[in-house]
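Below you'll find a set of structures to go through.
You will see chain A twice below: alongside chain B first, and alongside chain C after that.
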Partner chain A sequence: MGPLLYICDLIVYIGIFGIVSLSLNLEFGFAGLANFGKVAFFLIGAYTYALLSQIGVPFYLCLIAGALVSAIFGLLISLPALRLRADYLAIAVLAFGEILRLIVKSEKWLAGGDWGTPVSPIFPYTGSYIIYRLENIGLVFLCLFICFLVVQLLANSPYGRVLRAIREDEVAAEALGKSKAKYKAQALMLGSAMAGLAGGLYAQYLQYVLPGMFMPMVTFTVWIMVLVGGPANNWGALLGAALVQILARGTNIAKDYIALPIDLNDLQYILFGALIILFLLYRPQGLLKESQVKTKAIGRVRHGRNAIRNKGSQ
Partner chain B sequence: MTVNWAQVFFNSAITGSLYLIGAVGLTLTYGLSRFPNFAHAEFITLGAYIGYSVAEQLGLGLPLALVAAFLVTGIVGILCYRGIFQPLAKRGATIIHLMVASIALGFILRHSIGAAWTWKPSYFTTTWSAFDIGPLRITGLWVWLILTAVALAVLMHFILVKTKIGKAIRATASNPELALASGINIDRVILITWFIGAGLAAIAGIFRGADTQIWPMTGWAIILPIFAVAILGGIGNFYGAIAAAFIIGLAENIGVVGLVALGLSTTYRIGIAFLILIITLIVKPQGLAMLFRRA
Partner chain C sequence: MEETLLGIREVSKHFGGVYAVNGVSLNIKGGGIWGLVGPNGSGKTTLFNTILGLHRPDEGAIYFNGKCISNLAPHQIYGLGLVNAFQIPRLFHRLSVLDNMLLAARGHQGDRLLNSIFLRKNWQEQEVELAGKAMQILESLELDHLALSPAGELSGGQRKLLEVGRGVMASPTLLLLDEPAAGVNPNLGKRIFQGIEDLSQEGLSFFIIEHRLEILFDFAHWVYVMDKGKIVVEGKPEEVLEDPAFYQVYLGA
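Up next is the complex of A and B:
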């Protein structure tokens, strides 16, 4: 493979995982939910896409269906789970993801069990891998752009401020009449829909799905993206996705060229682990700090304060 | 289809014994440090590999392997707490941060193990001759596993009820401030608990490895059933964990009979424990704790 192919492949991965990272950022960064089962919703999107495309459903409907089914599961999970403490929620959702993986692994009639099932790509191969990847970059980044727009608008809206308020102090938010269960359920639903969409894109790009693609490891790679990039900052989530993918794909490529006494795959995960612990210790706010709320009112207050200050200095 | 129920119950005791040894450390550190340590899975794996090295590569036999794995993994447990979790807690990390840190630690340990040994499965070569007692098929390893679990239960009961450190562990778990005010060295209590907890995980790892195979995912493969035991038994509750271990052992083994009868794949076996875990969390997250005195 030429370097251009590698780079195109990397960009597709950044786009797909950028969407997942944004979705976890919505759930964890803004709403404070410990979703340790992100991969479950990614899996639902991927398998929904795979199964529907096999019976001839057009690709855009498959993608939407993947997001919808995933959102429904997100809502279902949220009903009982949101009353739970952060640690209980994390363990329960992690177990949910493992059960789903167990099901697609065991039910061979459903999607080929362990060996998985082929998925027809959206863009047929026309003799050039570069073009195939460029087409995917276009589609993936269109979806990423839409998702980014949604979460960015949400974050700066009254809705996003309620989410942050609930994250900071549930009791105070409830006292102001904001139902924490409702808002958390909505965040989980929207987050799951985005993860489902990304799952569909992933399945059609790789042209197959198999249970081994949906190990709990995937969830935690996304956690690394959000924590390194900066929780509650959508640009941070994207930055984190790019950095982690560059590191991950980079070691995959370097494997072919560099000989080290330690396996590069092992080294990569050891570094990921160390990186996350160092960030939690020394920079828990991530590379980019939480973006400040931008509203007209706050703008006016600042403007006014500056005006007063300027007057005072004259 | 005739089911050998005696064997089903015996297998339940084997499964329960393994889960109990694996879960004691998790439930105690969870209760004391107030976060679930996902790297407990890697303590299990590390124990299995140390045991494998001592017993097979050095040829020193299983008893010495158990002791070595207990000590080394226990020390690793202390280092992990001192080096990662304690500093994080001091900096005011939330429970979510502590959980993510434990998973990150799991990455480091798992892949260090993979790099130091190998990702290919390894096997203990000691063969355990099987013998029949009535309708039961038994191997020596299983007898050792059950005896170890029983000895652990008795010993831990003695430690928790009779010894000073045991009482200090219980006091710290139920009310750290009061324990501190009573002159208990909380820091030391927590370190000793992490040592014992990680060491016991290592023992579970050796038994699991000797019974099946060892590879860097050995611990992760059984961590969720072990969480199920800790949660069902009530976090930090040792007696609850004993009951929960055998309930989940029974559920898995009777469940396998049910799965076969329904024509479903037996790979769902482990899913039974996941299901119990989720249902307990949703319906009664305090588990069986109220049935047993806190310890």
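Up next is the complex of A and C:
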């Protein structure tokens, strides 16, 4: 039973972080927004879920509320942040995440401060941890599927094309009639909502929230997922989430079998750092290349092109 | 009397102490090709950028179709049908040539967030039409075989053509072109202007900056000459060519 439990746990994590990875991919991969405060929105979703579930709100409403509250914060931070240049935006949201974490760490009256607060699970314990985890896999992957559908539809639409254009050259996009402020704010809102949803699922699965779960390292881990998998490719974001989770777990397992002079948990961070450097140097497009915009109109042009080419070769 | 399409009233724009545009007034009426010439640094591109909302005028006002546009954002001015093509092409390099064209379309329903998720049928048909129009324009620019290639793979001249093509794609009322014939071979330069003339006969108005005077003067029906931020001469091309002030601007003395 041991290994199977472990694998189920891994799959839940891949699902939850797959959602966060998709959300960062929307913001950074498509819209070019360097959101280094991802963990803040994850935290907002988790704490919203925890606090609402404690007063007896049904779980689905808690999840939706987590996403909404997170989206509102995404919109609010977009107001000052989008006036900043990309690198300053990164620092501003990074600071926002840390400020939030320190606030929930310092308060005592709301969610237990440093000690955190318990979250009641959706699925009652029926005597088998396997079943508990399978139920969670079902819930998490249902949410992941919905998020994936949304970002795929966006990526393959004129809207996604505008986001990519703003990423490439925002002055030119503005000169072509696209309001960069509106699009960036929307991307941050939607990305934050998804991160908030994932935060709610995380709180629910772990049955606990505490400030230590929301260190800046969470943000960087999600960045590695997107950079490794391939920015502006939603399949890449999922692949990256899976690979990084497996690697993280792998070093945890290997710790028991390999005797090294250093702790493998620390080695994991070194590996992650090396991974980012290697990818940025040798494969900046990630494992999967950017996906092109696919719409009916583009498909027709492609089809027409192939038809002409086939005729020519006959 | 024809209606004034673009009215510029005493517009000034300065950077620090330098007046790039200094009290310029002009009236562009609907239809035809309007030229803007002048030596380097005379303020032509700054005037264009001010019209487009990329700079805010320090003094004066700009009217388009009778509406004051001096305080509008660039994307709002674009929405009104006042469109430009940059002097140095600003393409979206990782997007395909066709994507670049489709981005220029005005009023694409699929540009909206909720439409792109929930009302895909509504814009899919619209986009098929837009893509057809884009392919026609690309064909006339001899870029249609590159429609699905990334714009970053185009040569310098082709980028220039695509930049002009994007402007046409917007179906504007007035299209500002900043040196459409610069950096392309003489034949192609002439062909670009012939295309511009065809479009102007269909009712589209042009306001064009061009250093290649020999081409511009063949096609423009009215020319403004700018020097040191001011309009110094204006008139029909043949009149301008006879004006001593025009030669003074270009030859010094």
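Heads up, the rule we're going with is that the second predicted complex is superposed on the first by the 312 of 314 C-alpha atoms of A that agree within 3 Å, B and C clash if a C-alpha of one lies under 4 Å from a C-alpha of the other, contacts with A are read in each partner's own complex, and residues count from 1 in each chain.
One rule holds for everything that comes next: a contact is a pair of C-beta atoms (placed from the backbone, for glycine too) under 8 Å apart; a residue touches a chain by one contact, two chains touch by 3 or more.
These figures come from a predicted structure and were not determined experimentally.
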First, second, both or neither for A:G177, with chain B first and chain C second: second
First (chain B), second (chain C), both or neither touched by A:A92: first
First, second, both or neither for A:L102, with chain B first and chain C second: first
Contacts of A:N306 with chain B and chain C, given as first, second, both or neither: neither
Contacts of A:F36 with chain B and chain C, given as first, second, both or neither: first
First (chain B), second (chain C), both or neither touched by A:Q207: neither
Partner chain in contact with A:L153 - chain B first, chain C second, else both or neither: second
Touching residues (chain side chain C, partner chain A) in the complex: 52, 54, 73-75, 78-79, 84, 86, 90-96, 98-99, 102-104, 106, 108-113, 115-117, 120, 123-125, 127-128, 130-131, 135, 147-148, 166, 170
Touching residues (chain side chain A, partner chain C) in the complex: 150, 153-154, 157-162, 164-165, 168-169, 171-180, 186, 190, 290, 292-293, 295-298, 300-302, 305
Footprint of chain B on chain A - complex, ascending: 28, 32, 34, 36, 80-81, 84-88, 90-92, 94-96, 98-99, 102-103, 105-107, 216, 220, 223-224, 227, 262-263, 265-267, 269-270, 272-274, 276-277, 280-281, 284
Chain B to chain A touching residues, read off their complex: 35-36, 84, 87-88, 91, 93-97, 99-101, 103-108, 110-112, 114-115, 119, 220, 224, 227, 231, 264-265, 267-268, 270-271, 274-275, 277-278, 281-282, 285
